[in-house]
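First chain written, first letter: the chains are A, B and C, and each begins at residue 1.
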Amino acid sequence: MERVELSVGLELSRIVYGLWRLGDDEDTSPARVQKKIEACLEQGITSFDIADIYGGYTTEAILGKALKDAPELRARMEIVTKCDIIAPIGKYSGRAVKYYDTSPAHISASLERSLRKLKTDRIDLFLLHRPDPLMDPVETGRALDEAVASGKVRAVGVSNFKPHDWELLQSAMENRLVTNQIEISLLTHQPMTNGELAFLQREGVAPMAWSPLGGGALLSSGHNRMNEALKHFAERDGVEAGVIAVAWLLAHPACILPVIGTNKLERIRAFADAFKVNMDRETWYALYTAALGHEVP
Amino acid sequence: MERVELSVGLELSRIVYGLWRLGDDEDTSPARVQKKIEACLEQGITSFDIADIYGGYTTEAILGKALKDAPELRARMEIVTKCDIIAPIGKYSGRAVKYYDTSPAHISASLERSLRKLKTDRIDLFLLHRPDPLMDPVETGRALDEAVASGKVRAVGVSNFKPHDWELLQSAMENRLVTNQIEISLLTHQPMTNGELAFLQREGVAPMAWSPLGGGALLSSGHNRMNEALKHFAERDGVEAGVIAVAWLLAHPACILPVIGTNKLERIRAFADAFKVNMDRETWYALYTAALGHEVP
Amino acid sequence: MERVELSVGLELSRIVYGLWRLGDDEDTSPARVQKKIEACLEQGITSFDIADIYGGYTTEAILGKALKDAPELRARMEIVTKCDIIAPIGKYSGRAVKYYDTSPAHISASLERSLRKLKTDRIDLFLLHRPDPLMDPVETGRALDEAVASGKVRAVGVSNFKPHDWELLQSAMENRLVTNQIEISLLTHQPMTNGELAFLQREGVAPMAWSPLGGGALLSSGHNRMNEALKHFAERDGVEAGVIAVAWLLAHPACILPVIGTNKLERIRAFADAFKVNMDRETWYALYTAALGHEVP
């Protein structure tokens, strides 16, 4: 499995395992979670993506319980977690509305909580989950710099930021933001032409892609042209259709790290096939054309 | 009243009084206008926003008449005026269409006319009113620099400019543009997420906000969710609903200067209450959510 | 005819002759093509725009045949050609879909083919035809730099690039990109306000405009307001309606080079009239207002 250096001392596996639905599995016991982690590690997938809010603020603790008695697993993993969304659920159920909090007090408290729940003393990569229109770049930037300086996180980044959000925050920071985790897939391909990926390429930053299968929609009915195109190339190369959609992202020069979430062990194994796909230019554009619904201009 | 330093030697009051409708008052006598100015000054509102075109090119003269015999008022005020719109009314009624003129000849003639009508020998802040697709950045930039060099204006800025308009003009100037007066309100909140405010924050430029109450629409029927949210917080904090909408702008870290226009003396006084509102993050987002019509993603 | 210096040693005529439809003429003999070139040269139009894909990859050869025995014509011309579109026609008819190829191998092969077909040993200006979402800026930039270093092209540029596409490619190159050929006309006037022209103005780059007459639509029925406005000013100034549309572009400070394609010799001559039009600010905005369908804000 290819590895990507996001900053000095921080490498992620090119494919990242997403823990968004970890709590949805029937079995969330430490043993079962450890099995999933092992299945990933066997494929060379060493990076795991989570967020404080996943599972209504409960998923980090599920992962933490599995890691508590398995320090040898933790040592082989990179954990990416996120903060800043306050949704009126769980411990925040009294809040009037969903909102974002990028204040230093919240960032610091959220980081401490994530460390505690994850039973670890360091987050490998800590992200702001959503751009906050109320963000004070100086205060937020300092809070992120301090998180790095404290040794509690190895690096910081963002998620769902537009280039202007990135530039504003970065302009007030000492450390480099090392990634932007955004939605990219054959269903949400606009970042490839609207300047979002071009901006990150120019900055030399590798993006992470959430929902690289369009939340599964790419593979469901209702996208017939897309389904057929994926199936066609899947048969040609002897892989699953979803693997073709991931290979489509891997072929882009922006060095996209797809975040793949599945609770099925066998599917985790399947995704390593993405590197075997023959994603030449003609194949790439055939899929892009199916995604656009018309040929390129 | 908080004050904002836009450039060395030029401070505006955080709330600016807008004279857009000065001529619509039944009484436009110098005595009445002086009363309004005094009501503002009592609140610490020392900055007054006008434009050559207001009232069909007649409003500057109404203000000038009031200032003519009241130099002690003028000395305590900052006057912001604007140029570049040629509308086929008043002295321009022969023109075929409405257009913008950022030529040096027009800028210079417009400045001279504003000085004459306002009965003053210096404009505190002189703005281009609208971006002109025909603007020659070198010529227009030089004209603005010369206006500063002549001592006839203390500083220059723009209005309704997009970041690219700003960058083009600024790249050809010696003086810094010190503000961009744009529409921002709970009805027109897009600048908070589309990069317009982020750009100004990065440049270290405080924006002025025109129509901070959405031209009154925020308070009228037809915006029920918004009306209710404003009323709710107005009752909570014991202020007028419109004051909540202004406090919402003041809470943003971009340091927005709302331009408030009202011909009613009592309402001028009410707006100083905006600084007393408890605009915490949850309140801010409750209003933003009402403005969006749905919760944040 | 005004001339524009795009880079040291490369000047184009302000009006460029477009050879898009060269192959559509009933007579494509060398003699007829030479007549067209001579008609252009008589007007001071020395720059000729073509692309590998025009006429289904056949038009370059038609021009080449006309130049083969007329080296004195070639010596007085600048040839602009383009590469990167692979359409499933002609030699590419076996391809599954239309796509773009900015790989060094394709750029280099396409350049060699263009030189061979055009019977020339140097392209004056070589453009990437479309932004390619799969472009690797480092590889593509190096390929363009090598094209310049080899002496086979005098300068390189792009077409249909957005500012972010430009910045990405330029950031990886030694040579300056010298133009961006984009669609601009009274029908497609958005580049004048969406930042595309502002970006090029800031970079000091003169754009070329394709379809300056909206592909003829400006002059056809269905655009009544536009037709009338063009006719009105055409009668005022004693020129053709299309000439007014071209003069509208020439008046913009971005220094736009319109690419005009017509197979009629008499129309080639007419366009030199564009410099005689009285395109003052009021006329410019009257046309812009007709294009918008409403007055400016």
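Following the convention adopted for this analysis, a contact is a pair of C-beta atoms (placed from the backbone, for glycine too) under 8 Å apart; a residue touches a chain by one contact, two chains touch by 3 or more.
Keep in mind the model is a prediction, meaning the values are calculated, not measured.
Colleague: By how many degrees does chain A turn when fitted onto chain C using C-alpha atoms, rounded in steps of 5?
Modeller: Angle of rotation between the two copies: 120 degrees.
Colleague: Where chain A and chain B touch, do the two copies share over half of their residue numbers, giving same, or under half, giving different?
Modeller: Interface between chain A and chain B is built from largely different residues.
Colleague: Averaging only over C-alpha atoms, locate the centres of chain A and chain B and give their separation in whole Å.
Modeller: Using C-alpha averages as centres, the distance is 43 Å.
Colleague: Indicate the residues of chain B shared as contacts by at least two other chains.
Modeller: none
Colleague: Flag every residue of chain C that touches chain B in the complex, lowest number first.
Modeller: So the residues of chain C touching chain B come out as 192-195, 198-199, 201-202, 251-253, 281-282, 284-286, 288-289, 295-297.
Colleague: Give every residue of chain B touching chain C within the complex, in rising order.
Modeller: Residues 95-101, 103, 130-131, 133-137, 160, 162-165, 167-168, 171.
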